[in-house]
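Letters A, B, C, D, E and F mark the chains in the order given here, with residues in each chain numbered from 1 onward.
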Amino acid sequence: MPPLPDAQPRPEPTLAMNFERTPTLARTVSLSLLLAATWLVWSGLYKPLLLALGAFSCAITIMLIRRMRFFDEETYPLHFSWRLVRFWLWLGKEIWSSSIEVARVVLHPNLPISPRTITIESPSRHNFDQVMLGNSITLTPGTLTLDVYDGKLKVHTLTDEGAKALLSGEMASKVTTLRRSS
Amino acid sequence: MLSHLPILQIVVPMLMAPFVLLIQPARLAWALTLATSTLAFAIAINLIPLAAGDSAMIYPIGGWDAPYGIELKVDSLSVLFLLIISGASTFVLLAGYQSLGSEIHEAKLNWFFGAWLLALAGLLGIVVSADAFNIFVFMEIASLASYILIAGGPNRQALPAVFKYLIMGTIGATFYLIGVGLIYIMTGTLNISDIATKLPSVVDQTPILVAAGFISIGLALKAAIFPMHAWLPNTYSFAPNMVTAFLAACSTKIAIYVLLRIDFALFQSNLTGHLLQFKVFLIPLACMAILAGAYMAMRDSLAKKIFAWSSVGQVGYIILGAALVSHSGLTAALLHSFSHALAKGTMFIGIGLLALQAKSGELSSFAGLGRRHPLAAIAITIAGLSLVGIPGTAGFLSKWLLIQAILELPTGAVALLVVVLLSSLMSVVYLARFLETLFFPPAPAEGKVTLPLGATAILLAIAFASIYFGLAPTLPMELATQAADNLLGYGA
Amino acid sequence: MIFVVVAAAIAVTMALALARAILGPSHYDRILAVNMFGTKTVLLLAVMAFMMGRPDFLDLALAYALINFIGILAVLEFFRDKAPKVERPKDV
Amino acid sequence: MFELIVQILSWVLLITGSAFVVIGGIGALRMPDLYTRMHAASVTDSLAPILIIGGLLLQAGFTLFSVKLIAILLFLLLSGPTASNALASAALLSGYRAQHSEEDKT
Amino acid sequence: MTEIFSVFLLILLVITAGAAIRTTNLFVAVMLMGIFSLLIAINFFLLDAADVALTEAAVGAGISTVLFLGALAFMNEQEREQAPKRLAGLISVSITALIIAYATFDKPAFGDPNAPAHQDLAPWFLETTQSAVDIPNVITAILGSFRGYDTLGEVFVVLTAAIGVLFLLDTPSAGNMLKRDEGLRHYLIPRMVGRLLIPFILLFGLYIQFHGEYGPGGGFQAGALVAASMILYALLEGQDRALEVLPQRVLTFLMAFGALLFGGVGVIGILNGANFLDYSVLSSDPVAGQQIGIILIEAGVGFTVTGVLLSIFHAFVARGRTQ
Amino acid sequence: MIVLDLFHYWTFIALLMMGFYTVIAKNNLVKRLLGLSLFQSAVFLLFIGIAKVEGGTTPIFTNLVDTQVFSNPLPQVLILTAIVVGISTSALGLAIILRIKEAYGTIEEDEIQSEEEEA
């Protein structure tokens, strides 16, 4: 890859602070169970042949994933907890209100936008938190993550309200609590 | 086992192709390809008695009878072409190892031979298939594989040439597909004999007529019939020499084969006035092809291009014979396919062997090579004489039959006769020019190469085959006569 | 027939996205439009599966969602270095 | 009675979703530059799928189809912002500047 | 009701095609062709061709776009403007169009159940699938069994294409690369999300493979999806890593093996005294034999297509790195 | 149905013409390849149109709908094969274009020709 224009060639993001490393075996098992469950609900046909093929497919998938070395380095982003559900509900509410806001702007004859680019600090350096925060920001209409690097997120906002809400840091703090109990 | 021969004819080369891919030493890959090709040739020979007479071998694949499944059909017409294809492939491979090795990187030869086997399987598959759509599929296997073979050489000019061929070939195949689609709309079936039984009950003939047009034009593109020949000279000239020998012997003829089969089985008897349209459309094109091919061959200075142009003209002869829509005309056309394959194959193998020594493809690089390599030059001379149609060669016989067929015409015979004779004179001119270059100037002093002995022997053998079949033409003659009977008998 | 209304709305948005893809002006606008078009296709297929009474074809929508995502990433990977360096789009 | 309520709820979700889809489309056409267009497109990529697929879920009831619908929704919600983010950072890195951009740091 | 949508989408289709050939920028043209693929696939779906729609999506919008972009990356994307052959083109095109219009103006009406195309063969397929093969998806039954020979041909067509690409562009191997390909490793978010999604894309591909008898799908679509998931991996983590996971020799073996598996199933028929590709002999019960045969040949198609598409992708990407 | 019939039919012809024109008249090799796939797509559309039966549904048996009318599966099978053939041709064509680009430094046909004449 040629050096990135506009930015110094930077080392690829590694996981210095990946403190809780789940053992590979546990991850393999949990992913296998998840894949098997997915197959069962997708398929809906419970003949012996298809169940056998399903087991075979899960095995192939796991084998390839292990060859891809997704488990033994960096984070594997598979977490679940009830907090996640609560967070999603909160996020849904945020999406709703900001969508209304963006819709109002779009339909306004004068297009009252005040775009800005702001930088916010992620409270956590953990990759999962950063990705979750970045994607939550993008998912909320009116705010858009441009770049995530070194714990800083560059965010483009459409309106002043959106920028203010982000700078208040509510989303960031909510995201950081997600991982704790998992 | 004999009843499985039609499918084995295709499946053997097809399934050997993946094996060849995995074999590393080039020599082994070549040997396996040669063995497979020989086996295919043997199967084709074994099919001769089975498909002789007016009986045809039918093979329903998967046990599903036509029109629901796909069936294979082998009759004397198909056997003739099976012999041409598998024979051409086998002899070119036999004679061509050194030549191929000099033009293609050794590490890539196994890919090349895989493509060769697929081209062989594709061409054979077109010939035995009795299903209009299946023909399309195998046509694409054969075409894609030949694009690879052509692009394989060291000559960079092959690349734009092959791209042009790819574009035109795909347009041709798509036209063919449109025609098949129109026929399907009107009849609801894809098997050629089943279409033939359903066509008479179709009330509205316009779509069928247009389908006939699309299929003919599509196949004419693939067969390089005159105004649609633009891709041919360059692809033949810049392809690796042995590939030229293989493709010149059979690839365009297969498109003509499909054209004949579909046209005679479906349209001649079922479309009013089609006979006339067929004649009016094709005879002028054939004449122009004959003259233009010979004229361009006289003017060109690249050795292979001369004979590539000559192929355009020879395709014209075949089309002319077929377009007469008479028994003698068809016999002549089919016999000419055979003798031309033999002569052109010999010619290009010979040029390929001499090219091991020649510095470039220019005619001048061949100066005096005939003196140094007299055996190869003799073979080339014999092939050339057969192309011109000197008595005693296979080429003479087919041309003679063609002239007889022309003389049967009620009107216009003189004009066609003039065309044939004029073009023969012209071919004497370009042949003489080539032979003169080979024999008269002194041989170049430097860079003496001994031609591979085995290859030269093979070359001589097939050159003498041209004479043998000129003197004892029973086998091709019987097949061609019977095939002409079958073609004309479709409507009866 | 509620599905018809939804499908119509999605189809209209597809037309708008197509307009954006044709107008550009920068490559990135077009990529944005293609992405938008892809997600709208997924939604449209899901709605149509219900509209035609064959919800077993939701597989199609799922496959589209997967393919679309990969396509967009491929665009970015191959065009990262080639894209025009600075381009100021005209106001629309 | 219960079914009627579910139906009406589903209708409301679907209609609202459609409205947001069209609004997002209009926004993507009206907005002045790439980044602001992406904000508008984001409406059709986040809220609209939630509403529309939510409405379809109510129609499908408790079947295996609803599982597939949820899978589609999850997939869209994961891949949508990811693609947007990749697009935005690629644009940013290649020097595509936002209009009226003012850098403020916190 | 669906007619109105069809009409609307067809109009969009023509607009997209027109824009794609009018633009002088090849990148834009490829993007528009991607949209074109999506649109034509929806149209296929509306015309009751779910399997075809799935294939078109996987092939047209997915693989083909990726390949064109991969090739364009080494070329000037701006087409030079000139128009020398416009007239000849217009004339021959107009003639063709007029002929087709003339030919098909009175063709049987669209959707007419009494059209000749829907007699005889189509009902036979629908009926025989139920009795002799007993799987719900008639298209898979025809593709796998009744016209299995066409499908064998199709497998060899893709194999030929792969042979051609690898022959012309060299086989990629880690040894001859000059540059290191790091993919999108610097992009944290795509990378993390990709890690989450890749297992499910793979699983979905395999699901499509094995449910081809019950719903839209089959070996080809599955092969394309599995290849797509590996392509995603290559995009995110770099080609070198992807070639470590599935090295080129494995891919070559996969494509050869798939084609041989398909052909081998056919040859078993011959060895058991039936015809080539007759699956009834695979089991004592002919219906079960048909089903086993279809599963096996679909697996063969899946192997070959995965191997072929990945090899082609790697060959294109590697070409830029060896220069 | 009549409206759709006409529309479907004219779309097919329009696409066919556009694709064919691009293949014949354009100089750029990639553009010609794109035109070729447009041309093939038009034929796919024709075949899928043939397969449609009014009031029919996709030929996959199901108990979700009560109709027993199915669209014609055969043309759909043919087009599945044809699509695969199309992508194979495109892939091979692209590989050839890449080689042309390396050998000649251009992908415009007339420039290739003029360079050939100079050489």
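Heads up, the rule we're going with is that a contact is a pair of C-beta atoms (placed from the backbone, for glycine too) under 8 Å apart; a residue touches a chain by one contact, two chains touch by 3 or more.
Quick caveat, the model's predicted, so the values are computed rather than measured.
Note on connectivity: the fewest chain-to-chain touch steps from chain B to chain C number 2.
Ranked by distance of CA centroids from chain A, the top chain is B. Chain A and chain C have Cα centroids separated by 21 Å.
The distance from the centre of chain E to the centre of chain F, with each centre set as the mean of the Cα atoms, comes to 13 Å. Chain A and chain E have Cα centroids lying 31 Å from one another. Touching two or more other chains at once are residues 133, 137, 140, 144, 147-148, 151, 178, 184-185 of chain B.
Multi-chain contact residues of chain D (touching two or more other chains): 24, 26, 30-33, 38, 68, 71, 75, 78-86, 89, 93-95. Each of residues 8, 14-15, 31, 33, 52, 54-57, 59, 62, 66, 68-69, 73, 76, 79, 85 in chain C touches at least two other chains. The touching residues of chain E, when paired with chain A in their complex, are 179-182, 185-186, 188-189, 192-193, 195-196, 198-200, 202-204, 206-207, 209-211, 214, 233, 237, 241, 244-246.
Touching chain E in their complex are the following residues of chain D: 75, 78-79, 81-83, 85-86, 89.
Every residue of chain E that touches chain F in the complex is listed here, in rising order: 3, 6-7, 10-11, 13-14, 17-18, 20-21, 26, 29-30, 33, 36, 40, 43-44, 47-52, 55-56, 59-60, 63-64, 67-68, 71-72, 74-76, 79-80, 82-86, 88-90, 92-94, 96-97, 100-101, 104, 109-113, 117-118, 121-122, 125-126, 130, 136-139, 142-143, 147, 150-151, 153-154, 157-158, 160-162, 164-165, 168-169, 214-216, 220, 312, 315-316, 319, 323.
Residues 1, 4, 7-8, 11, 14-15, 18, 21-22, 24, 27, 30-31, 33-34, 37-38, 41, 44-45, 48, 51-52, 54, 56-57, 59-60, 62-64, 66-71, 73-79, 82 of chain C are the ones touching chain E in the complex.
Here chain E touches chain C in the complex through residues 1-2, 5, 8-9, 12, 15-16, 19, 27-28, 31-32, 34-35, 38, 41-42, 45-46, 50, 53-54, 57-58, 61-62, 65-66, 69-70, 72-73, 77, 183-184, 190, 194, 197, 201, 204, 208, 211, 215-217, 221, 225, 228-229, 231-232, 235-236, going by the rule given at the top.
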